[in-house]
Each structure stands twice: as structure tokens, then as C-alpha cells.
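Below is one structure, written out as C-alpha cells; comments come after it.
Labels for the chains are A, B, C and D, by order of writing; each one numbers its residues from 1.
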Amino acid sequence: MRTRMFLTVGVVAVLSAAACGSKGEAGGGAADNGTLVIGASLSLTGKLAREGILTREGYDVCQSVVNDKGGVPVAGSRRQLVIRYQDDTSQPDTAGQLVDQFNDKGVKLLLGPYGSATTEAAAAVVERNGQVMADSSGADDAIFAKGYRQTFAVLSPATEYAASMVQAIVDLADPKVRTVAFISADDGFSKTVTRGGIAKAEQLGLTVVGEEYVPNGTTDVSGALTKIKPRRPDVIIGSVHLAEGIAIVKQAKELGVAPSGGFAETVAPPTPDFTQALGATAEGVLGSTQWTPTTAGSDKWFGFAGDYANTFAAKFNGRQPEYHGAEATAACLALVLAVEKAGSTDPVKVRGALAGLDEQTFFGPLKFDSSGQNRTKAMQVVQIQGGKPVCVWPANASEAALRWPATKAAA
Amino acid sequence: MAGDEGGGVNQLAQATVYGLLQGCLFGLVAVGFSLVWGVLNVVNLAHGAFVLGGAYLAWELHDAFGLDPFVSMLPAAVVLFGLGYAIQRWLVNLVVNAPIFITLLLTFGLQLLAVNTLILLFTANYRSIPTGYTGISLVLAGDVRVPLGRLIAAALAIGLTAALVYLTRRTRTGLAILATGMDRGAARLMSIKAAHVYALTFGLAAALAGAAGAAVGAVGTFSPADAGRLTLFSFVAAVLGGLGNMWGALLGGLVLGLVESWGGQLLPGTLVNAVAFAALVIVLAIRPQGLAGRAFYASRLEA
Amino acid sequence: MTHLDAAPAETAGVPATGRRRYWLPVLRWEGGAVALLAALALQTRLYTGQERTVTTIAMFVALAAAWNLIGGYAGYACFGQVGFFGLGGYTAAVLMTHGHLSFWLALPLAAALAGAFAALIGWPLLRLKGHYFAVATLGVSEGLREVVINAGTLTGGGAGITIPTAGAGAPTAWLGNDGFYVLMVLIAFATVALVAIIARSRTGYALRAINQDEDAAASMGINTTVAKTIAFAGSAALTGAVGAAYAFQQVTIFPERLFDVDVTVLMVVMVVLGGAGTVLGPVLGAVAVAFASEWLRQRFTDVHSFVLGALIIVAVVLLPQGVTAYARDAVRERRLSLLENVRRYRL
Amino acid sequence: MSEAVLSAGKLSVRFGGLRAVDDVDVELYPGKLLGVIGPNGAGKSTLINLLSGHLRPTAGRVLMAGRDVTGARPWRITHAGVARTFQIVKPFRGMTVADNVTVAALHGPHRQRRPHRFVEAVLDRVGLAGKGALAPSELSIADARRLELAKALALRPQVLLLDEVLAGLRPAEIGPALRLIGGLRDEGLAILMVEHVIQAITAVSDEVLVLHHGEVLTRGAPGTVLSDSRVVEAYLGSRYAKGGNPR
């Protein structure tokens, strides 16, 4: 009898403790004590940890640069930027829960998580709570097809990732390319990318001779390559992440799959891991990226893209930024610019300012359409030349000519 | 049209060759896992993390001294042996007699610790050890390629498995391990010190995992996030081959490699994993003792 | 004869079939009702984010209690339990999206499908024991995920599926954070109560007997196949119902999460640390583990998984029999030493 | 003589090449006790496993109350009225002594609606009165054997198969145990009792069957069987065969 009572009381006590535990914190987040608090749920652990941490670096650069220059001007005063991080462990449901927790604490302005799934989950909650989110990496068009009004993505949409490379190859490659094959991961983002790429290829008169899907995150794509080999495509385009991207190039060499033109892959080639892991084999591979240090445009906080690269390198022991860092900084910048323009931290006003934003920045133009996507900005295409990704397309940002056929560039 | 047909045959031949090579690697990854499961009745969920430990060691040795990853198999094995011995002797032995949930949970905790330690030490970046022979392939008839790196890895996998079988069947220590696996009480009567033998077994399995990791690093790509996948492969290969049966683990790896490779040719590529899991469940339902005939410790199957 | 009389003095006075059930920590219905009221009353005091956290905890209470039926009582370590969670979630999502079925119909259908599926695979798989059963069920759940990924037209594949929750296309309007709080709490209590009822029924006796010794259980006239299948299907159906509620709460669901093996592991951790085969154990385990991991995530943003791993190891070594059993023995035998605990299963 | 309640004809089972039980006939009658003896490895426990359904015979038939139960699952055979004990006791460890017996009361062929009373009575009968709330691990060896018997009796069987219920008991404990078993027989139970201790079994047996290498060496009244030189030889080896009766 006593045990029962003890247990019952225990359960009640535990639950009540839950109620009171964090009550004190609530509401104190965005207080007017000279700071501007922005929340960010990020994948610091779990399968997206690598990219999540790169994204945090970009947010950190934004915070330190803005604060070094005196903070965010809000209606005559200057506020120090404070970014609060929470780990969503790469899980969409946790990301959504964290957005609600930020809301409890009065944090209305948010920076996006890494990845499309987590961003999608967060965006739904942001919408319900009337918060405002600047999305740095969730590029899947599906997120923006839902009529959300509170989420703004600084980056070019997913459909552009492969399409930009198709365009670059058609524009620049000589001898001309006639056939392409696609190898795609099977997650939503990659499939959207592939769909965009295929549409572009067909529009530009190329023949798509293969369309193979592989499990997301696999390190073995030999099956897809073996199937594609006899169809002899001029170019193999991978709509992939890093693991599959490395595997395509590595295993194609092993299996003697040698397209006459070369390889092009989204996302993977611009990251240093790609060249590090592949060594000389990486030479000549094309990649698409949201940003390079030669991106056109500048702003008052970060200057030109090259200046941003220097700032970033100075903060992280000389390491050059990847596009993950730049797009994160750009998302933060969008919020800073919007707050300044609105002259307020009120989410309704900040939302209005974001919707009307039209600024040139180190990341290129920041201007959102009615769905919240940034379509004015172009993707850039890089090629690995001499062990480094260099921008080859579009013309206003290119550092070097495209070497073609890319497979010959290796030799 | 005739060319097309030839292409189909070549394609299948290529898939077979690649599947077999890949299968040997799976087998090498799985053999230590199978050993621990068979002898200690412990399913080591941290096995994949041990493999990665070997891969990172090989990477560091290559980075610092330019050591070939296949040469690094030895130091990787030695380091992992020490680690494995210590973990079993002073940690897993504490709960080794508990119900299976307990040992599963313990190794799950170990896996969390190990993977996060790897992330802290080496970051979550993808790595691959660049070697001179990456991409060099022997060309057979019909343009079927045999990648040199994978061929070496496969040969070493077979060699190591043979060595392990020799060790367990022909040496005093090996026989002590087998005896303890079959009947702990009886082993104690023969004055075999179970705590030590258990630790030896776990250490040996960790050493094999380390060696396998170096091979994985030489031919493929790895990051801490792969730990779970590697453990899962070991699971499947060990079960397909028959618990605690070392040649069986290699056979299970080969079957897995072939199923994935052929499945990838005949079906949409994304169904490959589904096929592998279907094979696993069907084998368990029909032949729980594994494909390699009698399981070494059949008595565990149906109490 | 002296030996026969040497029963421990402490227990000598207990009547032969006295009501003391030493294996079952007691939780009377009054206690449950009080806790339910407390949980519902708690809602008024929570902010949205906290409310969601408690909703998640309630969900894990339900999941742990459901797993306890097959894993704790019957002793079959199902490592593919998340497969039923995903199956329930996707069934509900597909029925609501493509079939425009009301959530209140989709939920029981999802539970029924998960249960039926479990009964079907249970027929061959429940003959396996120990790790073999664990691996086979793990294989089933991983396979289910692959099927969901590949059945893109129905499930949306890797891109996920979004249940229509607003406007004319919505079969049932989204319940809101408050609504889902109440729903999950009710599901949690219903699950715990159902499992408690089964545990005390004739079937419950059968399951505990099977857990200890299947041959001896069969000699007691227990149709072991039927008993195990009931436990497996029941556990799966309850898990499927939770999955359906979760899917509706999330609106957009992805195969990676709905079939995430970590969810299974969490269930096992909660049940084992709380006390397998007890009514209250999974509840305590779920609340404690969910709180601990939430707290760790907030305090140790970078290394919380690391700390969680270390805590699991320490807990497993020090409390291998679970908190409930430890507390019971501590009270019963006045033994509190954790060191003695460690000796229990060591070599 | 009344009709046999359980009869098994030409039972055989092989494990690989080994004939563990070879061509054995068994008939059990209400109120009679058949003692089965034989050296280690003679196939005694295997015989019980065949009758209880824990092993499937390779050849032969088992009839229970006229119904063919050959190869039936153990729980079906239990429901046909056969109860058994295990040589190595198999209590349900997580449960109290009383709950152990309750399992049988709830699942046996005669399902008890009010098990409490019934279980108490069964415990009382085997001499475990007052120990219902204990854990099986707290029982002495003798009490653990009693629990094993209580679980079988709670099924209210017609046939009882006892696998070395006296093993591990001290001499002083054997007497009461035999009286209990004799009492059960006198109430009309058909009992098959496997035992290693010869002198104990002769006291209660109506018939003795000697197994050797899986075959029936001899069978008959206890006195006749024990004077059979082949039995002595099987137990003690040929050197002692001419030396006369074993004690």
C-alpha cells in the first residue's frame, strides 16, 4: 500500500518537476538588454553532423563580424547579435520541437537547420508560431510549394543544382556533348535535383541515356555504373552527397567507366574532402555550388566574396570557407539586413522587410519571390583544376576556362 | 543487337567479379563479429566502430609516415587488440552472464562512445586513403575489370580467415577459446581462465576489425557515420554464414556481396538493400543455422 | 528435515498464496488515475515547447510499454519494433492522404495492420530465439523501410509524405499542440493499462512462463505459439497506433525517422533500465531516459551522445536488473549495495 | 486388469546414427506405477521426452486414452492428460512459488476459475504449505523438486511422468517423497517414474522396465528384474554379474 502511494506520488512529482523545471527561462530570451537573440537548431550530431557543423561556422562568422562592427543597428541603437544553438541530432521531429522551444523563450527570429528534411519540419512549426526563419541550406522546392510565408531561403533552389551544370556544359564544352546519364541518390532533395537536371538537358536538346537511383549515403555505386557503362554517355551527372559522389568517381575508375566528356556532381566536388579522398582522380570533375570566393556582389558587412573568404580563414586557422559556411552567413546576413530595414525585432515587421529585401551581398543578390525562394541568384559551376575547385561558369564569376574533355584534364 | 547481348553477359560477369571482391571485404569485416557472437554469445554493436578505428589508424599512419594501408593492417590490429582485450576484461565481463538485452545495451553504449570519440578526434569528414594503385585494374575478357586494390583486400581477407581458423583449431589458445565457447563450466574444470580467454577472444575480434578497417580505408570511403552500416553488414554476413563459423562468415560476406551486386543489375538500384534484408530474413526463417551447414554452436539456437 | 524448516525467517509469516506478488511492482488503478489527471493538469502549466517535450515523453512511455509486452514479458528481444511504428505511421499517412480517411479511422486501421503484419511474420520468426529473433526482426524493419522508400507513388519515397491538415483537402484538421498532448497522454495510459491487464491475465502468466523456460511452459499446457503471437501482434498493434499518432502530429514524415533503429534502441534502453517485465518499469525508464537525453542535449550541445553512451554503460553495469527490481530487492532484502549488483552477472 | 490409459508401441528415435530409444513399448495403467531404470545414457529421459511431446519419435505410436498423440506438440499432450517433471528442475524464476503453480492451474486441461484455493491445496499436498510467496531460488533442493511435482499435479493429469524426482535428495528426504508418490498412485494416477536409485524405485513400482543402450533389456516385477544377471551386468559391468544381487 505504501509502495503504491510512493510510486504515485513519485510519478506526479516527476511530472510536476517537468512543469517547473524550465519555467524560469521562458520569455527571457529576446529581452531588450542590448542584444538581438537568434535561435538556430542545427545538426551537431547524427548523420548530418558534418554539414551541420560547417553551417554553424558560417553563423559564427556572421555573429563575430556583425558584433565587431558594433552590432545590428535597430532604430537608432545597436544590438549585439547572440545566436543560440540547439542540436536537432539530424532528426526532423527534434528540429520541429526545438523551434517550439525557442518560441517558448520568446525567440522569434530563427536561422535554418542543415538539410531539407529538418528544414521542412522546422518551417511547418515556424509557420504555426508566427516566427521568421532564414533558411541557409534547405533547398528542396517541396518546402516552398506549401505556401509557407515565414520561411525565406537565401540559396538557389534544388532544381538549379544539376541544371546549372547542364547549362554550363552546353555553353562551354567543346567538342559538343550529346548524351548524359544521371546517377541520383534516392532522398527527396536529390530526386528534385535530378528532375531539374533532366528537364534542363531535354530542353537543351541532350539525350538522357541513363537514370539510375542509389540508396542515400551508400559508398557502393558499382551497380549503377555497370549498368550505365555500355550506354557510353558523354557525361555522367551525379545528383548526390559526398559519400556517393566520391564513390562514383572512384569506382568508375576501377570499373573502367570513362565517359568521353567527364563527370559532373552536385554538392560533393566543392568540398575539400572530395579532392582529399580522391587525390588525382578528382581532377577535371565538375561541380555545382551556391557560392565561390569569386561570386559577384558585395555588402557593407562582409565586402566582396574574396573578403569574406579571408575573414573566414582568419577565424578558422587559415581554412578556406566552403559554400556551406557562406550560405549560412548569408542567411544570418539576410536577417540582420531585414532587422535593420524594419528598425525592429518584431517578427511581423522583420517578415515584411525580408519579403521586400533586394540587396547585393558577398553571396550574390538576396531577393525573395512570393514562395520565399531566392531565384535571382545563379548557381555556379566549378571544376577541379590542379587539386582545387575553380569557378568556370557563369562568365561574370569564372576564374578559369573549362578544360574539356574533363577526363583529359586529369592527364 | 549482338553487341548488346554481349554487353549483358559482360555486365553480369562484371557484377559477379565486383560482388565477390566486395563480398570478401564484407566477410573480413564480419569474421570478428561472428567470433565474438559465437564464443561469448555477445552481439557487439560497437563492431563497426572498431572497424572504423582501424581505418582511421591506417589513415593517420599513411598521413604521417606514408605507410601503405595494407601494411597498416598490422599496427591497426595490434592497437585494436589491446583495446578490445581491455574492454572485455574490465567492462563486458562484468555483465557477460546477464540476459541478452543487457549485453546489447552495453555494446550500444560503447558504440555511442566510440563513434562520438571518432567524431571528436577526426571530425565527421569523409576520408579515403589515396594509394598508388587505386583505380588500377586488371582487364579480363569482355572489358571486365578486376580492381587491384580490392583484389589485394580480398586475398588478405581469405588469408586472415584461414589464419584465424588455424589459430582456433590448431593452437592451445585457440582451442581454449573454442572450448570456452562450447561449455564454460567444463572449460573452467580444465583450468582455463575464462575471464582471460574471453578477453583474448574479444581482443582477437577487435584486431580483425582493425585489420578490416585498414582494408576498408584502402579501397573505399569512410566516416564515423558508417559505424552502424558496417555493424549491420557484419550482422547479415555472420547470420548468413552461421554463427561463430569463421569460414561461414566469409561465405556470408560473399553471398551478401553477390546478392547486392546482382540485385543491383536486375532491379532498380534502390532495392538492393531491401533484397539483402529479405535474404537475411528468409535464411533465418528457413535455415537459422546459416548457409554454411551446421552452426558451430547449434545448441544456442533452440534452447 | 531441518533443511525444510530453514525457510528465511523474514518470509515465514507470509501466507501461502499471499497477495504479495514479488515479481510485480504494484500500481493500482487509483494510482494510474491520479497520474493521468496529474499529466492532464500539467498541460495548463506548460509552454508550447515544453508541451511538445512532454508529448514526446508520453509517446516513449507508450512505445516502451508496448515493447515490454514482447521483450519484457515474453522475453523475445524484438529489435525491429520501430518497423511497426513506421508501418503504423505510414499506414495512417497513406490512408489520410490518398484515401481521405479520417484520422480517427486511420488510427485503429494502422494499429490493426501493424498487428496483423506482426502475426504474419511471427509465425516463422517466433520460432527463433535470442539474438536470432533480434536480428530477424531487425531485418524485417530495415526491409520495410526500403519498401517504403521504393513505393514512391504511395509513400512519397525518400522525399517523405505530407498529410493534408488544413483546408478542404484535410480529412481531419490538425489537432494542435494541445490536442496531440492529450492524445499522446491518453495513448500512453491506455497502452500501459492494456499491458498491465494482459500481464495479469492468463496470457500474462503464459508469457512470463515462456520467458523463463519455453519447454516447461509447454508442459504446463501453454500453447506457446499462440501466446507468443498474441504478445507480438499486441505489441505491434500498440506500437502501430503510436506511430499513426506520431505521423499525424509531424504532418510530414520521412522513412529515415519512421524506421530509425535508434527508436528501437531507445525503447529497449527504457524498458531494461526501468525494469523489464514489470508494469511500472517502462514508464519510469521512459520518463527518466527521455528527460536525461533532453537535458543532456540542452546542456552539452556537442557531446551529449557521448555522455549518453557513458551513462548507458554505467547504468547497465550498476543496475543490470533495472531500477524497479533493484528497488524491490533493496526494500525486500535491505540490500542497497550497487557493488553486489555488479557481482550478479559478472564472469 | 483395466485398460491402459497411455500406451506407446515400438517407439524409436535416432539422433544421427545413434539409436537413443529403440523399439520400446510402454503401457501405463491407472493406479499403477511403472519404474524405468537403466545406467546413464540408457535413454530414460529420452523416453519421457518422447511421451511428453518434447521429442518427435522417428518411429512408433503413442496413444493417450485411445487418441493418437504421436508427434503432437507438448501442450497438446498436456491437454490430453499427461503431466511431467524435468530431471533438471525448471521453475519459472521470475515468479513466486504460488504463481508457478498458478500457471498450471490456468493453462492445464482443467482450467481453474478460482486458482487461489486450488493452488494452496496443491502446495499443501506436496508439502510446500506456507512457501507460496517465496521465490524459487529461495527453495531447498527438496522443495524445488516438490515445486516441480506441484506444477505437474496442478494440471490434474491422468498420467504422470516423473524424471528422477529423487535426485539430489538426502536419505531422510527420500522416504516422505516416496510416500507421496505412492499416495498419488493409490488415488488412481498412472505413473511412469524414471530413477537412477534402484532400491528406491523397487519399493513403489508395480512393474520395472530396464533400458540399456536405448533398448528394453528386461521388464517385469521388481524382484524378478533385479535378480536378472543382465541387469547387474549393465549396471556394474560383467565382472560383478555372478556375484549375486545388488543391494
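The definition used in the following text is that contacts are C-beta pairs under 8 Å (C-beta built on N, C-alpha and C of every residue); 3 or more make two chains touch, one makes a residue touch a chain.
Predicted, not measured: the structure shown is a model, and the values here were computed from it.
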Next on the checklist: Once the contact rule is applied, which chains count as partners of both chain B and chain D?
Outcome noted: C
Next on the checklist: Among all chains, whose Cα centre is located farthest from the one for chain C?
Outcome noted: D
Checklist outcome for this item: chain B and chain C have mean C-alpha positions lying a whole-number Å distance apart equal to 31
Item to check | Between chain A and chain D, centroid-to-centroid distance (C-alpha), Å | outcome: 74
Checklist outcome for this item: Averaging C-alpha coordinates per chain, one finds the centres of chain C and chain D separated by a number of Å equal to 41
Next on the checklist: So the centre of each chain is just the mean of its C-alpha atoms; given that, what is the distance between chain A and chain C in Å?
Outcome noted: 37
Item to check | Numbers and ranges of chain A residues touching at least 2 other chains | outcome: 45, 186, 215
Item to check | Overlap residues in chain C, where contacts from two or more other chains coincide | outcome: 149, 215, 305
Checklist entry - At which residue positions does chain D touch at least two other chains? => result none
Checklist entry - Taking touching chains as linked, do they make an open path (line), a single closed cycle (ring), a hub with spokes (star), an all-linked set (complete), or other? => result other
Checklist entry - Got a list of which chains touch which? => result A-B, A-C, B-C, C-D
Item to check | Contacting residues of chain B [partner chain C, same complex] | outcome: 37, 41, 43, 91, 93-102, 104-106, 108-113, 115-117, 120, 194-195, 198, 228, 232, 235-236, 239, 268, 270-271, 273-274, 277-278, 280-281, 284-285, 288, 300-303
Next on the checklist: Using the touch definition from the top, list the residues of chain C that touch chain D in their complex.
Outcome noted: 1, 3-4, 6-8, 11-12, 14-18, 20-23, 202, 205-206, 208-209, 211-213, 215-224, 277
Checklist entry - Any idea which chain B residues touch chain A in the complex? => result 4, 7, 10-11, 14-15, 18, 22, 116, 119, 123-128, 130, 134-135, 137, 139, 143, 145, 147, 149-150, 220-223, 225-226, 260-261, 263-265, 268-270, 272-273
Checklist entry - Inside the complex, what are the residues of chain A that reach chain B? => result 45, 47, 49-50, 53, 186, 212-215, 217, 219-224, 226-227, 229-230, 242-243, 246-247, 250, 253-256, 273, 276-281
Checklist entry - What does chain A use to touch chain C in their complex? => result 3-5, 7-8, 11-12, 14-16, 18-20, 22-23, 26, 44-45, 85-87, 89, 91-93, 96-98, 100-105, 117, 120-121, 124, 129, 140, 142, 146, 185-192, 215-216
